[in-house]
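Each of the two complexes below includes chain A, the first together with chain B, the second together with chain C.
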Partner chain A sequence: MLKKFISWLLLVCIIPLSGCGDQRILESLGFIQTVSYDILPDGKLSISFSIPQADPETTANREVLSAVAASSKEATMKVSRETGMMVVSGQLRNVLFGQSMAEHGLHGHLDTLFRDPSISSQVKVSVVEGNAGELLIEDYKQHPRTGRYIDMLLEKEALGQTIPKVTLFIFARDYFDEGTDPVAPILKKHADNYITTNGIALFKDDRYVTKIEPQNALVFAFLKGSFREGQISLELADTGGDKEIVMFSSLISSRKVKVVHGTEGIEKVTYHVKVTGSVLEYIGDARLSNDRERHELEQRISKELTKKANAMISLMKQHQLDNIGIGKYVRNSVGYKQWKQMNWREELEKLPVECSFEVKIKDYGKFR
Partner chain B sequence: MGIKQKLQSIFLVNDEQSDTPPTLPDNQQEANLTGGEPVTLQHILDQFDDSADFIHKTYQSEHLDVLYFSHLVNEDRLERDVLPPLLNAESPVDILSEQSKYVRVTNAKKCVEGILSGMAAIFCQEQAYLIDVIFPVSRTVAESETESIIVGPHEAFTEQAYTNLSLIRKRVQSSHLKVIQLSVGEVTKTSVYILYVEDIANEKYIKEVINRIKNIEIDAVHDTNMLIQCIDDDPYSIFAQFLTTERPDTIASKLVSGRIVGIMDGSPTAFSAPVNFFEFFSSSDDYYQRWSIGTATLFLRFAALIITVTLTALYVAVTSFHYEMVPQNLLLTLTESRSKVPFPPIIEALLMEMTIELLREAGARLPTKIGQTIGIVGGIVIGQAAVQAGLTSNILIISVASSAIASFVIPNYVMSAAFRLFRFGLIIMAGLWGNLGLAMGLAYIVIHLSGLTSLGSSYLTPVAPFEPYDWKDVFLRLPFSKLVKRPTQVKANNKVKLKMKR
Partner chain C sequence: MNEKLSQFHTAILIYMIQTGVYVFSFTQIEAKYFGTNGWLVMIPVSILVSLNIYEMYWVYRLGNGQSIFDILEKSIPKFILAPFYMILSTIWALIGCLVAKQYVLIFQMFAFPTTNPMVFKIAIDILAFILLTKGLYNISKASTIFFWCTIWLSFLLLYFVGDFRTERLTPYIFKESYNMTEGFFQIYLAYMGYELCLLLFPYTDKKTRLFRAVIHGHLLRSVSYIILGLVSFGVVGYDMLKVMMFPSLDLLAYIKLPFMERIENLFYGFFLFTTLITLVLYFWAAGESTRRIFPKIKLNVQYFVIILAALLISYIPTVLDTIREWILILGYFQIGFSYIMPLILILLLLWQRRKKAV
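Let's look at the complex of A and B:
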């Protein structure tokens, strides 16, 4: 009984002594919201951190700290010398890579983001056209705090499919997976104090190779996967002189990929995309309430989309890129041994890929 | 060694001392009583000397002596109905021995107990008779205050066991309802009644309850809540292992579901057993409302349990360790309101929780009129001034207030008090180790609950042992047509309670 009592007493004394270690008291933390990476000519990294400032005693709504260092964690240690707060990365939301850095290759620097357990796998990755640090340091007067502005912009645009939603998890998966290459949205700073998304960056492994223009972003989304929200504006040029513009909204797109095997291995890959949507804007001669004319318009849209898709695929083939993941389908349809023997990038360049679109206008608005 | 012995003397009951026979004068008197001494007038008078309220009337000519306590008996009835026939009769002894309302006693102890319980003793020619002219002093049946409900019966038990028994008999009009009288307290000799419905209740549990009550050896038991602590399975636990209630309708439902009920003279609460943890979260209201509303309310109560136990602890864990867990917008508001606070989150949280507990305790002790003042003052102090003075963050106020409110949603006061105390432990754990501490605290409580028993049956019954059939009545409140069987925990002799086909 006495022994039991003494052991309880010891336990009660010892337990609190082991506590309170590694504390992160909220108000003494500077949590990095956005981080940007640029590479300097000498190979060192210029890293900027944007830290929201909640202390009512300061007027600024955020703190931007920059450092030149060889690695991300070294930069963190350097900038923490400049601030009274403890710099932590558990609230990281966005990672911006400057174009120079993306062209140089990301992998080594992604390591810290993948490895640190306090960094979420839902952190958004994007590429900045130009200098990422400059984009982050700037305060955009008409907009919320820069980090939040970027975050909201990326979030909203990804909903409408004009850029893919690329998180660390998705980027890493596409990077390590065989038969597909990662992509990332592109951000651009404009002189007039605002930021826009500016297309999609196509990576070859971890290196930025080329981009898709923003007006073609939806076509990329059609090929990349099925989705249920988005809008596209198309200019149908080939109707004999008159311009025909159609704005196609509330898109529901579903995609089917088929790998056709011939006598000598894989013959071709076909993409069949079904798109339904409603027309909200139409400038042209066709009367949409007329079934025949509407079906003709559907045909014209399909043709236009097919043309754009084929152009996009040939662009990727030309750079030996596979960002829409054709390789995954090919890999799944052949044996492991055959896949391993195949040099996929070279194979892709020769492989015929056929696209076909099936467009359906389900609704043409309240104007007959 | 000296320190060890001192520690021993402080914390351990000295066995040698308690083994020696008691030498107190009180106990000597007790010893005499138990001797089964023949009853004599003188002996009874000796027992009640120095009792100013004791009345001894002598009728010399008829050789009658009447002994009673004036405030325990109905003197009117005694003077008007009982005494005249005796005084007018030629031989009072004949009347006394003929009529069954006069009970002959030969044992002095029985006689003393009878007088103490409110009977009048009549001595005639060296023979003693007792007559029941008890005049119970009690308040009337009033509305339940600690367990008030909106729909359904409003009456509550009173302190008088007879009133309570009649309230129960009125609801369970069956000859199968059995009442066993026991007595508890070596000095007070309080009556305890064990009620059960024969052919439904399991004999094993009945025997166990009776046995445990018989084994109580204590000078006095003043309330049912005190009684159940004397017969608990685990007296060291913070959870009650018997359900207490002051509602006759709840008790009636427990009886017909095969549980054993106990009521005690002098206490307005009754207990029922065996009980499981989840029973503390159901209220009779659930059964009087439509089933869907009852089910929703049950969900609300379990949500309240989670809120009251974890919310403040979670605040402490998040603000002192896990900033990663909060959405960014909330994090900024949190930081802003925390930035003026001079204490670490654990001290801040304990301070506020303590203030709320102070307010609650003060409000419970004070008369209603002053209680209102406490509410207003407390509301201003906690709600406004503490934040403006920079003593706490306003998010903490919200969390402390909502966990306090949630704790009162739990219908059983004893259970809600247990969780309110346990919360402090969790806050400290969360302040020391963050989420790890919180998880350890919650794991401890689950382990502790799994180990508890009520009359030897598992405290977590429909969950462990796994009894999915019972879930319809424990976590949900399905329509009555779906609740066909009695709960498995009571091991009822008759398992089906509903035979209606619709």
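Let's look at the complex of A and C:
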């Protein structure tokens, strides 16, 4: 009995004592929500942190702190001297990289973010056209908390496939995978006090090389993988003078990739994309209720999408980029030795890639 | 202790001893040493372990379920055995305490990084001591409860169905491997713990069907390792697995609830249960060995001394990598033990039988 009592007493003493050592009081913590990185001409980093304010006595919604430092952690230490709160990164949600920084290469900085166990691997990564710090520091009248605004914008747009969902984990995975290159969404600050997504940044290893325009972002999504949900507006090549505009939504797309082998190694790679969706807006001459005319429209949409996809692939080939992961399929279809001997980037530039789209209009709304 | 272990409890107990902190990092070892599709290596290793269990089964059968210490003492004088017992219990006690310390240090990467790790270590040791004083039968019952507390985590793997890509697995097997022999041993360590079934003989009867239980526990562990490996290679890809420290923890971080983020830190706490059983059983094994040398000292006092001594030794390594190295070395000893010991026992049993016949 006594022994039992003593053991319990010990436990009761020790467990609460361990709580005294390492205190984290919610009110005195500054949770970094968003962080932005820019590179200065002298090679140093300009880093800004956005910290939501929980203190009921202030009117400010958030605290923005900036510092110039050689590394991310050094900047955290510098800014913590400017605030009464203890700056922690456990609730970090977004990392913004300025364009110049992305062009310079991200690897070392991603390494820091990935190494720190307090930072979740689910932090979203984006590239900012122009200066990332400026975008973060600005207050947007209609959106009281800039950090939250960015987060919700990215989350929602990724659902509709207009930008890819890119977290630290996904970025790092594509970076390490030999058969694919990373991508990231692009954000842009508008002069009229709002932020917009502005296409997709294509990386070569960890360096930002070129971008895909926002109106073509969905074509990229078709090539990158299968998905449900999304919409695209297409201006079809004129059929006898009149403009034809089609808005294709509730998309369901599935993609098949084939590597065709010839007598001299790989002959070509084919992408076959099946898209089903509803037409909710149509400006043109075809009558959608007529089967034949609708099928013709499907053909025209397929042709337009194929054209766009081919243009996109040649852009990537020209820069020796493989952001849609063709390399993974090529690697899996050739022997290991052959893959290792291959200089994939050079090979890609020469490799013919053919796209074909099969479009199906599932329905065309309430109007015949 | 009159009550004998039940078959189900024993199977769970074996599974729980095998499950430890290794779960967090074994996929990295698979990727590092075996390269592409490294998860496959779990299958041959598991078969090898099964063969080893079969070897132990013969000890059980030939000895009619006698305790291995009884078998040894019948043929070998005690003054030779005493130091041997001492070495065994030292190894077992050290494994137990280092596993706990490793858990604490990993835990501290996520929470309370500046608290003295020994505070947590002592708290865990006290828990272990309380559990030990209850005897093996109750430990096996507790481990069954802990099993139900943790097994549901495996269903979280369903979360990754959408992100699993067969392309990422690649068609190559063990390309980009490096030093496969060393890797093989390291992977083997992931299964260690089953060898303690050698000590369970006196606590079982015919109804326990000890070896059927051991195999079932081991199979459950193997299947769970293989599935986790497959998912890791298909979701993360071997290129990245190589550079990750604790891939399984990062996989857990993938899971995000709409109302709560970063729940992986909560999940991590559940692994205390499996770690606790591992260390309790190793301490228990150490006690089984020392009670043969000091039959007159009360068992609980022996446990106390073992835990205290192990605790003092565990002050020495403070760096995660050092602990890993220590565990590796001890683990190699343990692999040696698990193959050589049954062999010696079988030979002794055959010899004893022959002597009887003459």
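Keep in mind that, in the parts below, the second predicted complex is superposed on the first by the 347 of 368 C-alpha atoms of A that agree within 3 Å, B and C clash if a C-alpha of one lies under 4 Å from a C-alpha of the other, contacts with A are read in each partner's own complex, and residues count from 1 in each chain.
Heads up, the rule we're going with is that contacts are C-beta pairs under 8 Å (C-beta built on N, C-alpha and C of every residue); 3 or more make two chains touch, one makes a residue touch a chain.
Remember, predicted model here, so these are calculated numbers, not experimental data.
Asker: For A:Ala54, decide between first (touching chain B), second (touching chain C), both and neither.
Answerer: first
Asker: After the superposition on A, what does A:Gly325 contact: first (chain B), second (chain C), both or neither?
Answerer: Only chain C; A:Gly325 stays clear of chain B.
Asker: A:Ser118 in the overlay: touching chain B, chain C, both, or neither? Say first, second, both or neither.
Answerer: It touches chain B and chain C both.
Asker: After the superposition on A, what does A:Tyr336 contact: first (chain B), second (chain C), both or neither?
Answerer: second
Asker: Using the touch definition from the top, say if A:Gly90 reaches chain B (first), chain C (second), both or neither.
Answerer: The answer is both, since A:Gly90 touches chain B and chain C.
Asker: Does chain B (first) or chain C (second) touch A:Leu10, or do both, or does neither?
Answerer: second
Asker: Jot down the residues of chain A that show up as touching in both complexes, chain B in one and chain C in the other.
Answerer: Common to the two interfaces on chain A: residues 15, 18, 22, 90-91, 118, 120.
Asker: Any idea which chain B residues touch chain A in the complex?
Answerer: By the definition above, chain B touches chain A via 4, 7-8, 11-12, 318-324, 328, 331-336, 338-341, 344-345, 431-433, 437.
Asker: Considering only the defined contacts, which chain A positions touch chain C in the complex?
Answerer: Chain A residues touching chain C: 3, 7, 10-11, 14-15, 17-18, 21-22, 90-91, 117-118, 120-122, 169, 172-173, 176-179, 325, 328-329, 331-332, 336.
Asker: Sort out for me which residues of chain A touch chain B in the complex.
Answerer: The contact residues of chain A facing chain B are 1-2, 5, 15-16, 18-20, 22-27, 29, 31, 33, 52, 54-57, 88, 90-91, 93, 118, 120, 148.
Asker: Which residues of chain C touch chain A in the complex?
Answerer: Within the complex, chain C touches chain A at residues 36, 109-116, 119-120, 122-123, 126-127, 129-130, 133, 167-168, 170-172, 175, 236-237, 239-240, 242-243, 250, 253-254, 256, 261-262.
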